[in-house]
Amino acid sequence: MSVPFILFFTCSAIAVLGALLLIIAREPIHSALALILVMVSLAVLYLLLGAEFIAAVQIIVYAGAVMVLFVFVIMLLNAGVEQRTNYSKLAKFAGVPLGLFLLLEVGHWMWRSAIGSTIANGPGALSQTSISTPDLSKLLFHDYLFPFEATSILILIAILGALVLAKRGE
Amino acid sequence: MFILTHLWIILALPLLGAALNGLLGRNWPKTAVNSVGVGSVALSFLCVLELIREFLQIDASHLWFQRYFNWISVGHFTVDFALSVDQLTIVMLLVVTFVSLLVHIYSIGYMAHEGGYYRFFSYLNLFVFFMLTLVLAANLVLMFVGWEGVGLCSYLLIGFWFLKKTATDAGKKAFITTRIGDFGFTIGILLAFWTFNSVDFGTIFSQVASRQVESVTSIGTLTAICLLLFAGAVGKSAQLPLYVWLPDAMEGPTPVSALIHAATMVTAGVYMVARMHPLFSRAPLAMFVVALVGAVTAFYSATIGLLQTDIKKVLAYSTVSQLGYMFLGCGVGAYAAGIFHLMTHAFFKGLLFLAAGSVIHAMSGEQDMRKMGGLRRKIPVTYWTMFAATLAIAGIPGFAGYFSKDEILEAASKGPQANFWLWLLGLVGAGLTSFYMFRLVFLTFFGKPRYDEKKVHVHESPRNMTVPLMILAIGSVAGGWFAAPHLVGGTDYFESWLHPVFASYQVPAQVTQQELPAGEGEENGGVQSSQGMELLRALTGPPVIAAVLGLLFAWWFYIRKPDAAKRAMQKMRGLYTLIHNKYYVDEIYNALFIQPLLWISTNVLWHTMDEKMIDGTVNGIAHISRETGGQVRELQSGNARSYATWVVIGAVGFTVLLIGLWMVR
Amino acid sequence: MNVVPISYYLVLSAVLFGMGAIGFIFKRNIITIYMAIELMLNAVNLAFVSFARAHNQLDGLVFVFFVIVVAAAEAAVGLAIVITIANNRRSLNVEDVNLLKF
Amino acid sequence: MEFITQHAVLVVSLVKIVVLLFVLMTSLAYLTWFERKVVAHIQSRWGPYYVGAHGLLQPLADGIKFLFKEDVTPPTADRLVYLLAPFLALSLAMTTLALIPFGPLTGPHATVFGQPILVIANSNVGLLFLFAITSIGVYGVALAGWSSNSKYPLLGGLRSSAQMISYEVSLTLSIVGVLLLAGSFSFNGIIESQKGGVIHWHVWPQILGFLCYITAAIAETNRVPFDLPEAETELVAGFHTEYSSFKFAMFFMAEYANMITVSCLATILFFGGWQSPFPESWTWQLYLPGAGLVLLGLYCAYDTAMHMRGLARVQLAVVTTLALIAGLICLSHSALPIVQGPFWFLTKVILFLFVYVWIRGTLPRFRYDQLMSFGWKLLLPVSLANLVGTALVILLVKRG
């Protein structure tokens, strides 16, 4: 057992636990904390994969901004304990089992699929060098310039939408 | 060479007039409408004259062909918008533009008090446009366009007074009946294309020239094509058995009857047959059919004409029979004669109709001859012009009709496809023609007035109506004199003018000897006999005798002893009623075709097919979808978690599918 | 062997995604449902990154960026909507917000 | 021994962490003393005076007091989160310091077993990580506010989270200008890019960015004039109203740790980090640290002799001797190069801390709406403009 393995397994265990907690917790805040946990551990995994920049962005944007927003809203609305109503029989009897099935299915497939194995010893799999941020930025601002602009417009629209909705809310 | 290269101008002018009048004319003053309507036709008439001048300068041995743009191009089926000119076209152009010009002028007076004045003129112009298209067309399809176009205009104009049920019915009848023939015509065109890989006259003819003549017994493609095309002609030119629409078409305004149903449109069939003569000449059977139909129609409708009391109906039937003569002429191979008769007939029949119109105008709308009489003094111009026309149509020597009809009958007796019985029919028909025509004249203009003179005050028509009458009168008197020299063994100028057209695609030698136009044939005969004898023989020929007999009978029955007519009727009542009811043809058609058709379309097509099947399916589908929708909409429970579940179900299904595919691969 | 095989990461991302889906159905609180969605997005991101690493191509990371951006925008608008809903319906339970139905 | 050589990373890092923690704790403690003193002098008071000479033992006393106070947890509080919040706050606040380089990473005596001494974690995206950690720092406050389940803390938490989110944006943006100039995310890169004395520091081109940064930083650390989350006049004590004893102390330490971090960051980004303001050629500057300490020692000696009585005199004597010894060590030839970096760095940081305290001593508190409108309507546009301008200039310079 080398360091990367230990890191990987601990972090993945934390992530899965966090996800589980997210599901079973009744207190929205707890769910939020669990999700933050998942995100942080994912960030560590990104580091393990050599994507430092992504890791940083993951924490800054997701954990640092989005989730703060969530927590903020939870506090604002003072969201109490979630009541487990079951108006939707379909969701109760079909949905959850199917979701479980989906989980197992995809997981199993990923595990033993040829894709997984080929990737396991794929070209980049064994190289531990971290991804250089300049290359990433080149890619982002040259090859993907148009999508980038598009997303910026998307964000602008999102801001406006949020403003309008909030105003109406008041 | 301007017009020759820009033939389209001749077409464009009337079309322009039609467009202007039809689209803008509603609010224009009458004078503006007149100037547009008449002006456009007059201009195109002038263009035609110019065209002739230019045409005389070029080598006119073959078809003058002008291609403007490619109109349809599907696979190797290509149709150009192409126009062509030759002597035959020239004649037709002259007739059409000239007569329609006169009719336009006449209409100014005749329609003066009618509503929809601009509409009338726009229709007339449109008709002229289509007629000219038909005449100038250089391929079958374009010709067909004109063909249908004139049909359309005829429909519109017959039903011009669309508030009058009978008028609209007559319009529909005309359209539908013609359509039956056109069906054959269409198939004929397709067959022609299938055979010659082209619809272009030039190409077709050049290919035909190399073809074998099909004997009467063996029916080949040519015969089939000819017969199909002729079916169209039968419809359009009101021959047996499709003539029924023409008499009813008299519901339309009289100028229309004069222009469309006497002078131009109805002769389109004849023109077409003459135009396609290379095919017909090589399909003797078709020729015979044409001749037969023509002769029988000529005789048959003449008999009907005998007893008609409506002045326009008489003229209508006479038109039918005259058309029969034309076909007879074409059928026996004397195309020139047919066309010649077409031209003269255009003059005198147009004149007759216009004059009749003037009479009706004078009688302020009365059309029944039994309520007329003694108009001779009151409307002299009309009387004289009409009398001249009558002489012409009756075939009294010296007048236009005489020459043309004489040539036809001569061809029927001595021509290549001479046939005694056809000739006999034609002859008797000629006699009957002169009888009923003079009957018409006598009933209308002679004897005592049979209308109450206080109510109706008869008046001569205005100048712009009488002038065309006079002009046409001149035409119908002198129109035949081209052929005059031929009486004394000279050449027939009309014949020789048209000769290049009909000589260009002659059938092989041994036939040509007979196929030569009657003129030359006559000359050969004329060598040994002296000109005086010749003239005498011509003047005392059977047709003349028949005509004179008809005249005398008419005089006897309607002037000398008016009651003799009645006694004659008493004598042969059965025949009388039969003829008086037009041989019950309309009733027979009604019983044979219309009623079954009605029954089928009502019970089968409407109640069963449409209501039960189609509506049933449609409504059923609607019902089913409504029901299912009613069931399915329960899914939209408004509970987001259920929706989420559906999403997940979809995801699972998709994943399973992916894995399955991957496993298969 | 000193490096974690990529397939491990993929399995992890699959598992997380599945759990996100389950949460998406199972939770009733609108906000937590949003969180479940975010979880799924994260799982996808992980898959992206690991694929990018596997093929030594950075494009995957770029996609991660876009996913994050979209997630942020979605969170902004979505939470605004949540606030409005909470103000109007006085409840955050999805199953109480069911006016829009047949 | 060979264990150490084999697992150099592990061992050295551990040692460094321990040392840093110790230093940090004490400095935090004495930061409170420092603040109180300075504020007191600004307000022309004496400040802590009786516990030890110049109240030098005051922090110790406070610490003991916090430790021995009863730890109250409100019954309606969400225990887990209530407990979690202060730890989160403090640990995150301290973690950031692991990324800060206090001196050159290479050079004579700068490394042990190939590991740099003066920085714990050296990453080439260190700045990003620092931001990552600080961005999570919000949770400490927010959760504390929420979990203690009473209205003042809740309001405090709301305020703080809102305030931190809003000011984080302009904080980040104000820095990007520097990043553009330096062309690197790593602290070393940034510091190296300001080599060669005062004139090359980034403050001058980025003066606007610096002002934005310092404002945003103060707001980010909930300090006066932006300390609305704990505005005692409005919400009794803001988010930590319900907290008592050591949890409360943790929040305090977290706040001071944040102050230190932010000051370090300012030093690194705008003031050339551990580099001396003077050009290399002036060799006498090497003796400055030693000289400074010796002078301090001498002053203390004088003070001891003149004013102090009894126990205080003993203490101050100890301080004096310590200062003198340290100064002598610093003057010793072998230690000269090592102390340069830390010396300058700490001096600058202390200056910044002084500025902090100074501001606290002078400025009144903002109103909440003022805070928000200031953050969004003034700070953000200005920092954006600064960023754009910088980018344009750099582009033009690069082009021609």
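Letters A, B, C and D name the chains as they come in the text, with residue numbers starting at 1 for each one.
The rule we apply is simple: contacts are C-beta pairs under 8 Å (C-beta built on N, C-alpha and C of every residue); 3 or more make two chains touch, one makes a residue touch a chain.
Since this is a predicted model, take the numbers as computed values, not measurements.
The chain closest to the protein's centre is C, with centres computed as averages of CA atoms.
In terms of their C-alpha centroids, the spacing between chain A and chain C amounts to 6 Å. The geometric centre of chain C is 36 Å away from that of chain D, both derived from CA atoms. Centre-to-centre separation between chain B and chain D, using Cα means, comes to 110 Å. For the pair chain A and chain B, the distance between mean C-alpha positions equals 85 Å.
Chain contacts: chain C has residues 21, 24-25, 28, 95, 98 touching two or more partner chains.
Residues of chain D found to touch two or more other chains are absent.
Counting only residues that touch two or more partner chains, chain A has 53, 57, 65, 69, 74, 76, 87-88, 91, 95, 99, 102, 106, 109.
Across the whole structure, chains are in contact as follows: A-B, A-C, A-D, B-C. Listed in rising order, the residues of chain B touching chain C in the complex are 633-634, 636-641, 644-645, 648, 651. If you check the complex, the residues on chain B that touch chain A are 637, 639, 641-642, 644-645, 648-649, 651-652, 655-656, 659, 662.
Residues of chain C touching chain A in their complex: 2-29, 31-32, 34-36, 38-39, 42, 45-46, 49-56, 58-59, 61-62, 64-66, 68-77, 79-84, 86-87, 92-93, 95-96, 98.
The part of chain D that touches chain A in the complex is made up of residues 78, 80-81, 84, 123-125, 128-129, 131-133, 135-136, 138-139, 142-143, 145-147, 154, 157-158, 161-162, 164-165, 168, 185.
Within the complex formed with chain B, the chain C residues making contact are 21, 24-25, 28, 33, 94-95, 97-102.
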